[in-house]
Every structure is written in C-alpha cells, then in structure tokens.
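Presented sequentially are two complexes of subunit A, the first with subunit B as partner and the second with subunit C.
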Partner chain A sequence: MKKHWWKALGVVIVLYSFFMGLLTPLKTGILEANPASVRTGQEVMLEVKGYNSFYTQAQNELRAWLKMDSERALAARRVEVVDDRLVKLTFDIPAFLPVDKKVQDFTLILDSPADGASVLPSGVFVTQDSINAALGETAWPNADIANLHEKAAITFPFRNILGETIRNTYYHVPLWFAMFILFISAVVYSVKHLRNFDQRYDEQAAALTSVGILYGILGLVTGAIWAKHTWGAYWSFDVKQNMTAVGLLIYGAYFVLRASFEDPEKKARISAVYNIFAFATLIPLLYVIPKLTDSLHPGAGGNIAFGSQDLDNTMRMVFYPAIIGWTLMGVWMAQLIFRMNRLKHRLLEE
Partner chain B sequence: MNLFKEIIFLLRKEFKLEWRQKYALSGILLYVLSTVFIIYISFQRVSPQLWNVLFWIIMLFASINAVVKSFVQESGHRQLYYYQLANPIAILLSKMLYNASLLLLLSVLTFSALSFIAGNPVEEAGQFSLALLLGSLGFSITFTFVSAIAAKADNSSTLMAILSFPVVIPILLLLVNLSAHSIGLLQSTMIGRDIMLLASVDLILVALGLVLFPYLWRD
Partner chain C sequence: MLKAVRKAFTTLSLFLFPFTFLMAQEDADFMRSMGKMYVVVAVIAAIFIGLVIFLVYLDRKLTRLENQIIHHE
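Moving on, here comes the complex of A and B:
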C-alpha cells in the first residue's frame, strides 16, 4: 500500500469527479423570454421559461429587471407566477431609450429568495421607433438592482448555450491536460533513453505515448459530442479539432515507425529521436496556430480565455482534481502496458 | 572553421552528384510541369484562392519527391564511409542546405509554370518570395531529417510519407497563410508575427535536428 497509494488516489479522484460532476445540480437559469423582440412605448408582457427554477416558492418576492448597462435598468411592473417553470412579467418600455442605437439589447434578471438570481444575457431586444437619446435620458425610470439573493447550495453555473453540457468540462478538458502531461513525460523518457541507451526508458516512453493517444481519442470524442450539442455538428472544421487530428496522426506514425524495425536497440533509438522531433512540431500545432486563426473554442479568435469567466469556484473543485485523477490513472495504465511488454519480451527470450 | 569548410566541400559534392545523374533533377522538373498541366486541364479557370492552395500542394508533393532520395538513396555502406570522412553534423547541414536550394529552384519553377498557365495573382512580390524562401527552408529541414529517420527502416519510401506529412502540416499552414496575405486574400495586421513564427519554427527544427542527428546516424 505504501508503494501503490497513488493508484488508489487516482481512482478515488476520478470517481469523485464522476459523482460530483454528474450529480451536482445546475443553478437556476432562464431558458428564454418570449417575445424576444419588442418596441418602445408599449406595455410588454414577457413569458419567461425557467430552468431548475421553483417560482411558486417565491410567489410574492419574485423580482425582475431589464438591465441595459451597469447603471440603467427597468423594473418589472407586475410579476405573475404561472407555475414553477413559467412566469409572466409586465414591463412598461418608455417611448425613448437613452441611446443613439436603433436596436438595444437588454439583459433579463430574475431574483427569487428560493433560487437566487438568474440572468439571461441579451434576452430582450428593444427597437426604437425614433431616436432621441437626450429625451430618453430625462424620461428614464431607473430602478436599482439591489439585494439580490444567493442560493445556499452547491451548484454549477447555468450558461445559456451550454446548459447541462457544462459538465463535460470535467471530462473533455482534463483528458486534454492529462494527454499533454503524458506526452511530455514520454518525451522526457525519450531524452533519458538517448542519454544512456537504457531499453526500459524507451519502453516507458512508448507506453506513455499509447495511453496519451487513448486520451487524445477520448478527448476528441467527448469534444465532438459536446460540439454536436453546442455548435450543431460533430465536426465543425474548428482549427483545434483539425490540429488535434493531425497531432494524433503524428503519434500514429510513431507507432508505425516502431513496428518497422526488427532490431530492438535500433527501434528504441530511432523512435526516441522521432518522438522528440515530432513533439517539437506538435507545440506550434496545438498552441500557436489555434491562437492565430478563428476558433469556436474558448481562448482563441477573440473568445474569452479559459478560466477567466468560465470556471467558478465549485467547478474548480471538480476540474483541477479531475486533471490530477486522469493523469494518475494514465500513468497507472502506462505502467501496466510497460510491465506487460517487459514480460512479453522475457517470454520470447526464453 | 573546419566544419564550414567541410560543409562547402560536401555541398560541392552534392551539386556535382546531381549534375552527373541529371535524370533525378529532370524527373522532378517534369513532375512539376505535368502536375501544373493536369491542374490547368481540370480547372481551366483558377481563382486566386485555389491558386494559393494548389501552389503549396504541388510544392509539398514535389519537394517530398525531391528530398526523399537525400538519405534513402545512398546505401548504408557508402553513408558509413561519409561519416568516417566528415563530421556527421556537416553532412546533415550540407544536405539541408543543398535541398533548400533545390527546393527554392523548384518553387521558382512551379511559380513560373503556374503563373504562365493560370495567371499570376501575387500582389506583394517581396512577401511572396520570403514565403518561398522560408518554405523551402522549412520543407528541406523537415524532409531531410525525416528521410534520415526513414532511411534506417526497410520500407523507407512509405515511411517517409507517413512520417513527414503530419510533421510538416504546421509549416504548410503558416506558409499558406503568409502567401494568401501576399496574394491579397487576407487582411492581417500581424503578418510580421507570422513571418517570425515561421522563421522560429524553422530554427527550432534545425536546432533539434542538429542535436538529434548524432544519435541517428550511428548503427
């Protein structure tokens, strides 16, 4: 147990990420507001569909705003709860808006003591019949958004396009991180092999690389499923998807190269050389080129970088352990492959 | 200084060898011309976007054919003889330099053939020539090194394609970007960064090749 504690730790952490990641509920969110497009100078009745919401529990204390920017917001005149998932809001849209634009987007904010605050960014678009910013400024009935409630439970954030698929953050992304850690350690072993030509180092590198490829394929598959739900297609010609396919080709070639040598010493030496050379080309492939071109992934082409707004503290509690857990599991799997190969060689030699 | 002299001497050897067996060079020239002609027959009208992609694809296949022989063609015994006579690093560098000049010639030829048949869409000639230069260097470095790896195996010509295509894709993408900019298909303010990036990828690969080659040639 003293020697093998890290294997158990890896399994426990991955199981923890499964349970926490799949069972923790999402925060209350707003699915849609209907109609999403209104005109100025009208009384508007918005039908708002909630997600994971309990509007009936907060009957009289439910409040709603249409927020224009950090200083200006409209409060709902009347809030009528239909059931747990549906609420009807009545707003008086003034005749003029304090902006020079024809169409202005508003963020819908709902606050309930039972669910906490929920937000629908750019949920309602208001079209102005005629533009008069100065008049809009003076006639603006401003309402302060204050005393928002917070739900006292462990929840994951609700994001409109992601919905429940936000949980894939704990599988898709950590698999990528773990894959990279495995590939880097394989390169370290290849370098070690070239320093003293120990057969075992090269076999370690090959075992780590094969688990890395497995993780790469899993990352690609989980990513494709996620892409189907959020971007609309399994393969969206996204630069990161393409680059990853190429990266897997590079490592596939590594195994073709290994298979084409009879002499084990020559095989070890030359595949170690190729492994180091290929890894050097993989870095621009996965980290530089995606940053230059437009990508649907976060952190590229003007999208927000990963970790700035996408992760909140409850997500971090699952996300970072999941990276460690998958890495430990991967190292364990690589150890098993390595030992199996050693035994195979020993059997063949006898 | 000794290394420099050796490189010059080996380069002269490579050029002389090429000149004596003209069939290799003329074969590749004919390859380029016939590919360009096939493209002309199949497309007839080539838009600048297509021109850009086709140019680099022709270059990719022509250069892999041109470079594959650098290590694969020479027999193991003769290579061992070279390594006894000269510094292995000098041999690798001379082959890279020789291949780079060959590919530069090849790219100029491809460019003139393609622009003769399908028109010349290049707007910024300086930038395009820079792309040609960096591309020849990058292709030559990658393919020469991969051919040194592939020469060690038995089925080397298949292995050459399998090993080198995925490895060269980052360079190829940067090149297509750069030449698209010189054709006027892309409006990018950060073209200097792209050039720097391409040059640094070339530099990293040549440095890595120099570090790793001593482990490669010994048998």
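Moving on, here comes the complex of A and C:
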C-alpha cells in the first residue's frame, strides 16, 4: 500500500471534485426580465424571473435598479413579490435617455437580504423616439446602489448563458490541464531517451502520450457537449476547436509512426524526436493561434479566461484539486500501459 | 476472451444508440431544464464512457499478451 498511496489520492481527489462540484448550489440569479425592451416616458412593469431565489423571504426589503453606468441608475418605484421565483418591478422611465443613441441597454440589479445581490447584464433595452441627451442628463437620477447584501453560503457564481453548466469547469477543463501535464512528462521522457537510448524511457513517453490523447479526445467530446448548449452547436468550427483537433491529429500520428517501424531502437529514437516536435506544435496550436483571432472559447482572442468572471475562490477550491486528481489518475493509467508493454518486451526477448 | 469483449462492445453501442437518438429529439427542452443541469450529467457520462473505453483497450491488449504467453509455453 505504501507504494500506491498516490493512486488512492487521485481517486479521492476526483471523487471530491465530483461531490463538491455537483452538490454546491449556484448563487441566486436572474433568468430574464419581461418585457426585455421598453420605451421612454412610460411606467413599465417588468416581470423578473429568478433562479435559486427566495423572494418571499425578503418581502419588503427587496430593492431593484436599472443601471446604465457608474453615474446613472434608476431605482424601482414599486417591488411586488409574486412568489419565490417571480417578482414584478415598476419603473418610471423618464422621457429622454442621457445618451445620443436611440437604444440603450441597462443592467438589472436586484438586491435581497435573503439571497444577496443578483445581476442581469443588458437585461433591459430602453428605446427613445427623439434624442435629447441634455434633457436626459437632468431626468436620469443617480440612485444610490449601496449596502448590497451578500449571501453567507458556499455557492458557485450564476452566469446567464451557463446556468448549472458552470460546473463543467471541473470536468472539462481539468482534462486539458492533466493532458498537458502528461504530455510534458512524456516529452521529458523522450529527451531522457535521446540522452542515453534507454528503451524504457521511450515506452514511458508512449504510455503517457496515449493517456494524454485519451484525455484530449474526452476534452473535445465534453467541450462539444458543453458547446451545444451554450454556443448552439457541437462543432462551430471555432479556431480553438479546430486547432485542438489538428493538435490531437498530430499526436495521433505519433502512434502511426510507432507502428511503422520494425527495428525497436530506430522506432524509439525517431518517435522520441517526433514526440518533441508534436509537443512544440501543440503549444502554438492551443495557446497562441486562438489568442490571435476571435474565438467563442474563454482564454482566446478578446475573451479572457481565469479572471474573476470565470473562476471565483469557491470554484478554485474544486477546480485546482480536480487537475491534480485527474493527473494522478492519468499517471496511474499510463503506468498500467507501461507495465504491460514491459511484460510484452520481456516475453519477446526470452 | 476477445470475443467476449467484442460482444460487450456491440451490446454497449446497441444500448447507447437509442439513447443518443432519444436525446437528440428531446434535446432542447430536456437538456435546458433545471438550469441546463443535464449538460453536466452528459459531460460526466462522456468521461465515464471514456474511462470504459480505456478499460476495454487495456483488456484487449492484455488478452493478446496472455495468448502470446500461452503460445510461448
């Protein structure tokens, strides 16, 4: 058991990521505001649908604002709670907007002592018939958005398009991190092999790479499922998706190459060199090219991942361990392949 | 042994085929219910199937090795 502790550790960490990642509730959010587009100079009633909300617990203490920027916000005149998931807000929209545009989007902010503050970005669009920014400036109040509540509980952030799928951060993303760690270790073994031509190092590299490819394919599949319900299609020919597929194909050729040699020494040497080449091409494919153009994927062009928008501290508590857990599981799987190949070689040598 | 694996694989794919078909049909409503929670379920199921594929792969390679040992003796 002394030698196997890290395998158990990997399993325990992955299990922890499953339990924590699935059981922790999301923060209260706003699903939609109806109607989403209103006109100026009217009294409008917005029906706001909440998610994980408990509006009845905060009957008279609910507050709501339509916020344009840090200087302009309009407080709701009346807040009427229908049930836990539905609240009706009444706003008196002034006759003119404080901007030179016909349409302006407003962020809806709802604050409740029971649930904390929730936000619907660009939730309401206000249209004006005639433009008069000066009149609008005087008409729009700057309601004080102060003393927002925060719910004291362990929760994950609520994002409108993502919803519960934010949990996929613990199942889709760590696969890629683990894949990368496995590929780096494989390159280290390939370099080691080229230094002293020990067959075992090359076999280690091959085993680690094969598990890395499995993780990569799983990452692509899980990413496609996630994309279907957030981007709208399994495969949007997004630069990140395409380049990853190309990278994995290059890695796939590594095994085609290995299978095409009879002489084991030649096979080991050439595939070690190819492995280094494959890893060198993977970095620009995965991490440079997607950053140069527009992509739907976080972490690519104009879409920064790992800001506080994507990952808060509660998520980090699950996300980082998940990387370690999947890496350990991957090393375990690679060791099984390696040991089996060792046995085969010993058998053939006899 | 190899036959058994093949059989298991066919059964698995036969079992999964109607499931994926069903999923595609009711996709929009079902997958979007409960704040898209079932997307997470599908992702975890995909990872699980991936691990099963690894097991099948390992099983087949081990079977081949066992056969080699039998021939060797």
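Note that the second predicted complex is superposed on the first by the 341 of 350 C-alpha atoms of A that agree within 3 Å, B and C clash if a C-alpha of one lies under 4 Å from a C-alpha of the other, contacts with A are read in each partner's own complex, and residues count from 1 in each chain.
Definition applied: a residue touches a chain if its C-beta (ideal position, glycine included) is under 8 Å from a C-beta of that chain, and two chains touch if they have at least 3 such contacts.
Predicted model only: the values in this text are computed from it and were never measured.
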| item | value |
| --- | --- |
| Superposed partners subunit B and subunit C on subunit A - clash or fit | fit |
| First (subunit B), second (subunit C), both or neither touched by A:99 | neither |
| Partner chain(s) touched by A:317 [first = subunit B, second = subunit C, both, neither] | neither |
| Partner chain in contact with A:249 - subunit B first, subunit C second, else both or neither | first |
| Spatial angle subunit C-subunit A-subunit B, Cα centroids [nearest 10 degrees] | 80 |
| Partner chain(s) touched by A:9 [first = subunit B, second = subunit C, both, neither] | neither |
| Which superposed partner A:81 touches (first subunit B, second subunit C, both, neither) | neither |
| Partner chain in contact with A:221 - subunit B first, subunit C second, else both or neither | second |
| Subunit B versus subunit C as contact partner of A:281, first or second or both or neither | first |
| Which superposed partner A:270 touches (first subunit B, second subunit C, both, neither) | first |
| Subunit B versus subunit C - smallest C-alpha distance in the overlay, whole Å | 23 |
| Shared subunit A surface residues [contacts with subunit B and with subunit C] | none |
| Touching residues (chain side subunit B, partner subunit A) in the complex | 142, 145-146, 149, 152-155, 159, 162-163, 165-170, 173-174, 177, 190, 194, 197, 201, 204-205, 208-209, 212, 215-216, 219 |
| Parts of subunit C lying in touch with subunit A, wherever the complex brings them together | 31-32, 34-37, 39-40, 42-44, 46-47, 50, 53-54, 58, 61-62, 65, 68-69, 72 |
| List of subunit A residues in touch with subunit B within their complex | 194, 246-247, 249-250, 253, 256-257, 260-261, 266, 269-270, 272-274, 276-278, 280-281, 284-285, 288-289, 292 |
| List of subunit A residues in touch with subunit C within their complex | 18, 22, 26, 51, 162-165, 167-168, 171-172, 175, 211, 214, 217-218, 221-222, 225-226, 228-229, 333, 336-337, 340, 343-344, 347, 350 |
